[in-house]
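I am attaching a structure below and will ask some questions about it afterwards.
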Amino acid sequence: MNLHEYQARSILRAAGVPMPDGDVASTPDEVEVIAARLGGKVVVKAQVHAGGRGKAGGVKLAATPKEARELAGKILGMTIKGLTVEKVLVVPTADIASESYVGLIMDRESQRPVFMVSAAGGVDIEEVAATAPEKILRLPVDPRYGLFPHQAMGLALFLYRDFAQARAAAGIMRQLYSVFIANGASLAEINPLVTTPAGAVLALDAKISIDDNELDRRPDLALLRDESAEDPSEVMARKAGLTFIKLDGNVGCVVNGAGLAMATMDLVKYYGGEPANFLDIGGSSNPEKVVNALRIITADPNVKAILFNIFGGITRTDDVANGIVAATSQFKVNLPIVIRLTGTNQEKAFEILNGVGMRALSDMDEAVKQAVALAKEAA
Amino acid sequence: MSIFVNEATRLVVQGITGRDGSFHSKQMIAYGTKLVAGVTPGKGGQTFEGAVPIFHTVADAVAITGANTSVIYVPPALAAGAIAEAADAGIQFIVCITEGIPVLDMAKVMPFVREKGARLLGPNCPGLITPGVAKVGIIPGQICAPGRVGLVSRSGTLTYEVVNHLTNNGIGQSTCVGIGGDPVIGTNFIDVLEAFAADPGTDVIVMMGEIGGTDEQKAADFVKAGVRKPVVGFIAGQTAPKGRRMGHAGAIISGSSGTAEEKIHAFEAAGIAVMRRPVDVVELVKARLNN
Amino acid sequence: MNLHEYQARSILRAAGVPMPDGDVASTPDEVEVIAARLGGKVVVKAQVHAGGRGKAGGVKLAATPKEARELAGKILGMTIKGLTVEKVLVVPTADIASESYVGLIMDRESQRPVFMVSAAGGVDIEEVAATAPEKILRLPVDPRYGLFPHQAMGLALFLYRDFAQARAAAGIMRQLYSVFIANGASLAEINPLVTTPAGAVLALDAKISIDDNELDRRPDLALLRDESAEDPSEVMARKAGLTFIKLDGNVGCVVNGAGLAMATMDLVKYYGGEPANFLDIGGSSNPEKVVNALRIITADPNVKAILFNIFGGITRTDDVANGIVAATSQFKVNLPIVIRLTGTNQEKAFEILNGVGMRALSDMDEAVKQAVALAKEAA
Amino acid sequence: MSIFVNEATRLVVQGITGRDGSFHSKQMIAYGTKLVAGVTPGKGGQTFEGAVPIFHTVADAVAITGANTSVIYVPPALAAGAIAEAADAGIQFIVCITEGIPVLDMAKVMPFVREKGARLLGPNCPGLITPGVAKVGIIPGQICAPGRVGLVSRSGTLTYEVVNHLTNNGIGQSTCVGIGGDPVIGTNFIDVLEAFAADPGTDVIVMMGEIGGTDEQKAADFVKAGVRKPVVGFIAGQTAPKGRRMGHAGAIISGSSGTAEEKIHAFEAAGIAVMRRPVDVVELVKARLNN
């Protein structure tokens, strides 16, 4: 789960990371009040879960509270990469002498949190990694010991020659690590970490992603989820216990298992179609999940055909069949449905579907081909 | 022949009285797995299905039944603790089925597992099966058949799809291993490739990866460097968008890294025959089994 | 630093350990109020840093608030092993079905915190260790991983057959471990951990010792020090940066280094004397420390002779000589002083002392023999 | 010959610009120790006494000067971190002089030191000296003389007292090692006894213990089991009361355990000649050197 910049800021500031004062607002009026309180020039920043806000016009500099208000009026409500801006962050401008990048990610290879720091900050770190990897220092941290002081200092000295700045940065590294561990983050990033002409070290922008698996035991973090910043169908899916990701195609997919779901989307593409979504109903085949899955998929006007691909293992295919029958009795599905079922209780499932005049296939390729063809017909 | 589980496997099920644990324990027993003990704290002294003794702790189970392998079906919040318990009790092969374990829990418990010299498979994996001998986890036994193809995969049902094609076409398997889709896992492709390479019962290896991370790329390097057996590969997620977690916590393209293209390219560069569709496994494996 | 029972209780209760309600008091009036609030029978317990309170009459059962008041009047002010009782703890009586011992110590051998638990609780665990070691389960905990849940359960199942009780006890083990780590304890002990006839698991008495080395960075813990429960000379010594322990003999010792200080005491005994104290002035030979050391030793009326034994390494013997001179000029020392100095700047030190008519020796045995003889003469 | 430090020792001083660090660094240089680097974060680039380069980090010191041994004089709150830094930088022999380190800090850092394969001496110890060759720590050089007696002790000034007796009576030392008086230390009696037993330059071993713990008893068992060289021993604290910490954090009789009597008894049972007074070391060692 990605946090908004303003949420990441408040966590980092609480941990002691020096960041400029500032506040979040959802109306131009509030923005003007905040800008007046801060005094001087301010930056108005769109709070959306999308990169490239600046290029999209979501980050603006204002000289006066009045200008801030005007700019906020333009930014609030604008759409960036399909997401509507509901909130803006207002912060004072900072004089910048240097910009660095400090990131901490959960690294798959070392199976540890890994620091990545670079004096080439303020830009896309991926680009630095691709073009000038020697400008990045990587340090895996053993969570059994935590970040040793000398490790924090080593990272900081890679960024700053000035020792006072390095000492300040080392403190920030340690705070960032604490935040990462305390919040079960998968990513915690300060970009840029700047120095001011006076020599202070400040975090100007921050990004934190929380491991979704932490949220069950961390209701405090789960509360930070901003559903207004998400696709409504994804919100609905999550509440129904489904994993759903909206795409741009027209073949709606209902699959059990993440790997098979991806392979199904790939096969739709292989046979010339475009998947409308990723949807994994998971291992437990509660008919209710199937009903919800159909509700979500049919809500997408792009969808022209629906493809079920179920390989019964834990999932009982008769449960899925019952779910399909229940859904079609609860609401009208005006779309062709192609059903592929195989595995556990397959005969029973076929019987159930035949009972309501539906037909199921047992071959995946055949089912995908049919669904693609039907979607093309309808389009 | 086989890898990781065989005739000597003596299995303890952690969480045997839970919904999933009891369902799959029955399946494992029905398949012929030597399921010697169950563990559910609070139910020590009872028996499962009138035959399998239940213990409060894994240590008791090991002491009394000689269990040497464990499979874990406990809720995510307790799963890392269950892994530690198994390792601490001297279990050398631990399979964790549980999905949804916080990654930080895994990062903390993995060094302990290593210190104890144990191997962990998973978490968030379907387990493994040596057809005709033993199944540990949730892979449906009826879709498998004994044979000489070793299969390793990050996913569950996709594995079933592929195994099903093999079995339906008369191609049996030595062992089918699901390593799981989480970012931090105990056994990776290379570990399994190494075992298959050394297993005289395995002639062809099928490796099924997906987007996210670089495990497949490293596995490809490993194959190129020293696996003398033919390898057939698949990568799921060619149509996945960037930056979205595709169900599996590990299945996410971060920036430009971990894409299907880059993995398929690495496979091809290593001489791995790449399946475009799951069904392609049949012809690709057949051609290599005949060699 | 040993905490009082009431202090240990409040730390453990804050961590969630179930303990009967209760409160601390320093007057009989307060005791009566607390006993009335608690209702029913209460136990009045002397709060002193000494074992065997019960045998010494420092723990009494009272049937009514009035009786509690009367008993408190007797206990407050009494002396147990040389320590005056300034405070009492008032807790309700508990019906007890079983008593266990749960202790956690920093173990030198494993270099880890080690749990010791025994179903033979309520008695001296050392006796159990000596007579029936099989009744004690020991478990070292690797601080890198903390106490694993299965470890807590293993300890609890050693104590209780009833699983509900074991589960409750396992929770208490984990809380005790957290308290130990969070407070830098060298010992944290619940004795007894009881079960009630109704099956509840409760901690009735608790003991916590904090590693003295933690106190510098933990002012919150340092505040828990109860100076009224300590020997005033030891309080004064600590404030002066000296390590001082009062003993019963008559040869006052001022030594640099703990090992040499012990060896000096031993040598006093070897030559037929009795040391009045352990006193280590430490490595830095600030003359002020010497002045304070002399002040503390001369305040003990038992002391009949003073012995300096200084082996100069880091400690400069001339600093010590200057301290002796300064002290004797600041206040009258009406006791014979024997000075042994050797090592760093020895010649200078001898000169300084000769300058004020004092004489120093360089041989330890000779100095000890003289001091013992002088103490005997004076006694 | 000697143990732990010798002609190949290249020393880095952590905390070289502090009060104690700078005082003792001068002494070590004066004694002839190859003091190749100092570390004080924030003073990297400066030099100590116009000759020794100072670095911000131990890693830099190792990379540039080839330091292989470290001695630590930093305040207690920073000392465990300094130990970790030295071990992480590849230093194989670390001497920590600092007194007052919280025991929990030591319990946490010791496994790291072990993982890195380093040896730690101390903390809260006077260090060690190989007379005539190198001194690392604070043992006064002038009271030592080269020779064939190996000395190991928990304390500082008591060690000086005994060494002084030896030197004044013409008995030199191979190496004098102070292991420190804390409950959790990196190198214990047995480690040092083992090294002296294997050192061809050591003929007689003097072991000086004190109350608290069971290290001396275990050392006695070790001597009995396999040290072929004569050992002379001393225990300080016969007159110490129970339950009081006698200066050293480790010097405390807990209940009935760790008393001087029990330790002296263990020494005698192991054939260790026990000194009643420090001065007794002379006759006891002399008698054994002549053998």
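All chains are identified by letter, namely A, B, C and D, in their written order; residue positions are counted from 1 within each chain.
The rule is short, and it goes like this: contacts are C-beta pairs under 8 Å (C-beta built on N, C-alpha and C of every residue); 3 or more make two chains touch, one makes a residue touch a chain.
Not measured: the values here are computed from a predicted model.
With steps allowed only between chains in touch, the distance from chain B over to chain D comes to 2. Common neighbours of chain B and chain C under the contact rule above are A.
With A-D and A-B as the two chain pairs, more C-beta contacts join A-B. Chain centres here are C-alpha means, and the one lying farthest from chain D is A.
Centre-to-centre separation of chain A and chain C, using mean CA positions: 55 Å.
Centroids built from CA atoms put chain D at 28 Å from chain C. In chain D, the residues that reach two or more other chains under the touch definition are 108, 111.
Under the contact definition stated at the top, the residues of chain A that touch 2 or more other chains are 144-145. Viewed as a network of touching protein chains, the structure does not reduce to a path, ring, star or complete graph.
Contact between chains, using the touch rule, shows up for A-B, A-C, A-D, B-C, C-D. Of all residues in chain A, those touching chain C in their complex are 144-145. Interface residues of chain C, counted against chain B in their complex, comprise 144-145, 148-151, 153-154, 157, 163, 166-167. The part of chain C that touches chain D in the complex is made up of residues 106, 108-109, 111-113, 126, 130, 142-144, 181, 184, 186, 211-214, 216-217, 243, 245, 247, 255-263, 265-270, 275, 278, 280, 283, 311-315, 342-344, 364-365.
Touching chain A in their complex are the following residues of chain B: 20, 23-24, 76-77, 99-104, 106-108, 110-111, 126, 138-140, 143, 153-161, 164, 181, 183-184, 208, 210-215, 234, 236-241, 244-251, 255-257, 260, 276-279. Against chain A, in their complex, chain D makes its touches with residues 41-42, 44, 56-59, 78, 81-82, 84-85, 88, 108-109, 111-112.
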